[in-house]
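See structure below.
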Amino acid sequence: MALSPETRDKLKKVSTATLATALYKRGLRGQFIQDVQPLHKPTESMVGEAFTLRYMPAREDLNQLVVFRDRGHPQRKAVEECPPGAVMVIDSRKDARAASAGGILVGRLKARGVAGVVSDGGFRDAAEIATLGIPAYHQRPSAPTNLTLHQAIEINGPIGCGDAPVFPGDVVVGDADGVIIVPAHLADEIAAEATEMTAYEDFVTEEVSKGRSILGLYPATDERSLTDFAAWRKANGR
Amino acid sequence: MALSPETRDKLKKVSTATLATALYKRGLRGQFIQDVQPLHKPTESMVGEAFTLRYMPAREDLNQLVVFRDRGHPQRKAVEECPPGAVMVIDSRKDARAASAGGILVGRLKARGVAGVVSDGGFRDAAEIATLGIPAYHQRPSAPTNLTLHQAIEINGPIGCGDAPVFPGDVVVGDADGVIIVPAHLADEIAAEATEMTAYEDFVTEEVSKGRSILGLYPATDERSLTDFAAWRKANGR
Amino acid sequence: MALSPETRDKLKKVSTATLATALYKRGLRGQFIQDVQPLHKPTESMVGEAFTLRYMPAREDLNQLVVFRDRGHPQRKAVEECPPGAVMVIDSRKDARAASAGGILVGRLKARGVAGVVSDGGFRDAAEIATLGIPAYHQRPSAPTNLTLHQAIEINGPIGCGDAPVFPGDVVVGDADGVIIVPAHLADEIAAEATEMTAYEDFVTEEVSKGRSILGLYPATDERSLTDFAAWRKANGR
Amino acid sequence: MALSPETRDKLKKVSTATLATALYKRGLRGQFIQDVQPLHKPTESMVGEAFTLRYMPAREDLNQLVVFRDRGHPQRKAVEECPPGAVMVIDSRKDARAASAGGILVGRLKARGVAGVVSDGGFRDAAEIATLGIPAYHQRPSAPTNLTLHQAIEINGPIGCGDAPVFPGDVVVGDADGVIIVPAHLADEIAAEATEMTAYEDFVTEEVSKGRSILGLYPATDERSLTDFAAWRKANGR
Amino acid sequence: MALSPETRDKLKKVSTATLATALYKRGLRGQFIQDVQPLHKPTESMVGEAFTLRYMPAREDLNQLVVFRDRGHPQRKAVEECPPGAVMVIDSRKDARAASAGGILVGRLKARGVAGVVSDGGFRDAAEIATLGIPAYHQRPSAPTNLTLHQAIEINGPIGCGDAPVFPGDVVVGDADGVIIVPAHLADEIAAEATEMTAYEDFVTEEVSKGRSILGLYPATDERSLTDFAAWRKANGR
Amino acid sequence: MALSPETRDKLKKVSTATLATALYKRGLRGQFIQDVQPLHKPTESMVGEAFTLRYMPAREDLNQLVVFRDRGHPQRKAVEECPPGAVMVIDSRKDARAASAGGILVGRLKARGVAGVVSDGGFRDAAEIATLGIPAYHQRPSAPTNLTLHQAIEINGPIGCGDAPVFPGDVVVGDADGVIIVPAHLADEIAAEATEMTAYEDFVTEEVSKGRSILGLYPATDERSLTDFAAWRKANGR
């Protein structure tokens, strides 16, 4: 179930907060990746299908620097295979004491057209990554090489990231609040619903800034709120 | 015991660090709200009387989205009732896994003339809140709707926030370091004392930047420090 | 074993990430100070020999404000004795609930020509420190006076800071990722090796930004990578 | 809605694990009090209606030892007012660094016929409490007087305890696994359902100990499992 | 590389502490599973090859109770497939807020001849499991059904458990201190070496209890220590 | 200021809870060592003067197993030098991921007449230590050799242990609740006062078990409480 260009576009214009509420309505409460932040202030939302990478704790004898000479090493392989437009999501077991990746690998993802990268651990070269122009989210910067604590063990299987379940192909959306996972089969309907919700929220935000009370307006329990909204939509072409 | 305009003005010009020391002298060591940060860099200190909101853990059957249709829902009620000039302080049990509030509610607080908002959890729409111009402090951004984990249960009772005790009417002061709670009955004397301390600290900072040693100067154990300070006050109209 | 000007210069031009890898090759996996961040974005790396200060938990009767009237108080003494060019590293037991130091003391360090200051706790007056122009790293801002929780007990002995071992004279390097400790006896060879590594990484970064795959390039398992690098060095005077 | 003797009896014979599953079926996932343990090995389950006590962080000037001379102090008042047969549940904000209560107060609860006591902090005199014969649950022992960190502020209001929501009158059940909160209005039906589930689980346990596979048996997807169970019930009078 | 009966026997007679030191000599510092404890006091060491089960965070729509009606559900399948003599090791992401398994499943493992079970989360029915006679290790008891937080996703792949790397076939050893993972290819030599070390430690323990100093004895830097040990071995048939 | 036999005897008969309250009256709120537990149930209180050992984070090149061949290694030296009747208190930086010590060293302490041993990390060979008959307190068992994370760096200097300040010569008291540090200069008066408090608490405990209310009795705000206590003391020879 590929992510359609229409849904991708819609998701770029809605917030993770709105998506969280739309998922909540469907009983999904744990899709927000806890405790990650963008390395640079986002200008638009990151959107893409999840391509996952799983790390397990590193065993010292299996994680000498020489392992990276193997072209088949899962970390390097994943970087070369992550599809353009996808978001690489890394399960670092919420451990930021060593890096999940660094500037060169994230630069390669950027060059390959990948839509973003997320780790529940930390990236090294964080300042450099922040200038690359590819959305990147992590817990905090971390200089030690990932071999110190992490061994890449599986590409594109189901993982946990920041306590959220992530299946390959799920739709990943990130903004200034953080990153949320929309299950693949719900992406279209959630995108549509969130677009509608966003229109109403934009209307409410405008009204509130003019001094209107939230009672009856948010949510729209007053009839007038809906009438006003209808007029606002017409006036604003939404 | 209302916060007088004079005390409010004084508190806007002193730091939470200086206030913490003044409170420490009176045996109060735990008034700093731990682990909250401003959503945008403060230009002047946030000052206001505490108006509190307490959250308890959400029970699923009591926290469906429909609850917000009730105009008496404590979260919405609190937002409409928090007095202009006050600071809303939210006890989120230090749990930032779901939002304490979002852009629309904080926007409404701003519109109503509220002086600031503090949660020991997290706000959603954090980037939007950062642009509203109302001081806001939290632990970290959090997109999930507050119903996921939080049920608003009490308005303006005594609470804990970030391990600090907060009674309604206590004076809340926030700057770049974070937020501190000045007990209501001490506000005037603490404001006066902190103002004096700040004058001396400003003098010391200036001297230190010129190369003077802190020994004898900070604290003022050398007679000369006091003489110089007297001259500095005169010269600077402090 | 004093830090030579040559080594200091080299270390200013390499990242903590590269240093972490060079240390990793020698079996040193724990030299990165965990969970500290710069108070202001670094423009160049902080480099200096470690001058340490150890805090123990404060006992109330020994930590009244009056203790600072003693010119021999270890915290104040350390600030006056830390050599120009050194980095003061404070063992705050990873406890940021009270300040490790504030703007005046850090200002004095700056005035005395100290190269930087690091605490695994928190600084007060964080916004002010950020403008001083001396590199400073901590966990998070913290307004309460350090007497609340910390008693300075030892100057320039071996300590832990953010889970890293720090011996006086070790070389401390900080950048946007954080701070790493290079053992004194390894400083020259690590600086030289990291300089070489950085040249190759810069070359790789450039190639990657042009679209080249990392396979065979990073690490250089393809002969061509080394040939190209040689040409690049010549062309770039590296 | 008082807890009937029948329901109390049923709840004494089912496990918190079974109750957790029955609640899970109704969408209630957060009713287990996290990270508390019994001070002594339970012989039968603790059951009673919740009578709550809320602590806020202690402010030093309000929490000198002399406060306990006030007969109206909420902690002491709560101990004298908690109804026989009820369970006192204390919201200690998951902070075990000071005691929630000690041997004398828990002894008084025992003498008054209270059914048990739960804190998400810690008790002092833990070894003594363990011999009293009243079920008691906490995080870990803690000797410091509760005034060090806790101020009793509210009796029998809604609270959080170990991340679970607790309303006065909810039914509290504790066994060796810990403590779970059954919402008052569900107590009868949950007790009935859990009793039925327990019968089947006991049957399964017996079968499994004899070597039968869990497939088809647990859950009962094989017709034979139900037939065998019916026979077992008859044979065992369940 | 199957675990030989000889090696199994040897490992039953050595402690996890001794094994940790033998692994440390080979550069393996992270093989101890952090923060798990036995549900009942061990009488002899648990030994077996690792058979693993991995949990990811549960997504609500995929984890209704009905999933257990599927005979192919990985948790149930794993319980039926774990080989006799093996130890089931469960990666619960160190999250004990919901159960990893309960009494019936662990009872089935016992009935099937499995050598033990380890989770870095928590078991429900902990008191019952403690009586089954199969070694079981976890973080703490936890009543909520595992569907609340955990979805079994992979059987017998490489995992992390309590920050230790675990590959299927690694040898798992548990005693009162906890659980350690011996890489499969090292099992024979580590078992042999640890057996020798244990003989010396037993000799030292005896000497120390008689009042002998550890200097020169532990480690054996005095020639006499080795001579005495030789005599002790002869006398004690070790 | 040596610990007198009289004070030692008194301290053996009072609880850490009572001592905590006596210290609290003098403004000392942080003397309880947080989060340590006895390895075996205490029969009488552990009492002795603190003899301290400080660990810093281990640097790999300085912590190979061979270091223990040095008779001057601080850990081994401390074990041989800790005076009979003293309590060894180890600052393990609250890190239990590797052992603070094991059965042989603690056995040697026992043989040398040391009164007890406390670490805010963990001991290996925990089950063996529990049988030695010397009081031992830690956070949790931990099998990895202490070289993995800890380097012994200082003997008998001031340290922190479980967030409590410990100076050599302070009096260490441990019971089932945990361990508390009585500053040396207060030991006599605290012991005397706690003895008196204990008499009253024992009286109250007896009265409470007979059904008497705590109001007026605890604390003794009713005149009758004091009269009854006087009679009880006479009757019980206290």
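Chains: A, B, C, D, E and F, in written order; residue numbering restarts at 1 for each.
Following the convention adopted for this analysis, a residue touches a chain if its C-beta (ideal position, glycine included) is under 8 Å from a C-beta of that chain, and two chains touch if they have at least 3 such contacts.
Given the structure is predicted, the values throughout are model-derived calculations rather than measurements.
Asks: Enumerate, in label order, the chains that touch chain B and chain F alike.
Replies: Expected: C, D.
Asks: Any idea if chain B and chain C meet via the same residues, over half in common, or different ones?
Replies: different
Asks: Which chain's mean C-alpha position is the greatest distance from chain D's?
Replies: C
Asks: Please work out the Cα centroid separation of chain A and chain C, and write it as a whole number of Å.
Replies: 31
Asks: Just the number, please: Cα centre separation of chain B and chain E in whole Å.
Replies: The separation of the two C-alpha centroids amounts to 49 Å.
Asks: How many Å are there between the centre of chain B and the centre of chain D, using C-alpha atoms for each centre?
Replies: 37
Asks: Suppose each chain is reduced to the average of its Cα coordinates; what separation in Å results between chain A and chain D?
Replies: About 39 Å, centre to centre.
Asks: Which residues does chain A have that touch at least 2 chains other than itself?
Replies: Counting only residues that touch two or more other chains, chain A contributes 29.
Asks: What is the complete set of touching chain pairs?
Replies: So the chains that touch one another pair up as A-B, A-C, A-E, B-C, B-D, C-F, D-E, D-F, E-F.
Asks: Spell out the part of chain A that touches chain E in their complex, as residue ranges.
Replies: 26-31, 56-62, 93, 95, 151, 153-154, 157-160, 163-165, 183
Asks: Along chain F, where are the residues that touch chain D in the complex?
Replies: 15-17, 19-21, 24-25, 29, 32, 34-35, 37, 41-42, 175-178, 180, 201, 204-205, 208-211, 213-216, 218-219, 221
Asks: Which positions of chain D touch chain F when the two form their complex?
Replies: 65, 68-69, 71, 76, 79-80, 97, 99, 102-105, 107-108, 111, 124-128, 140-145, 147-148
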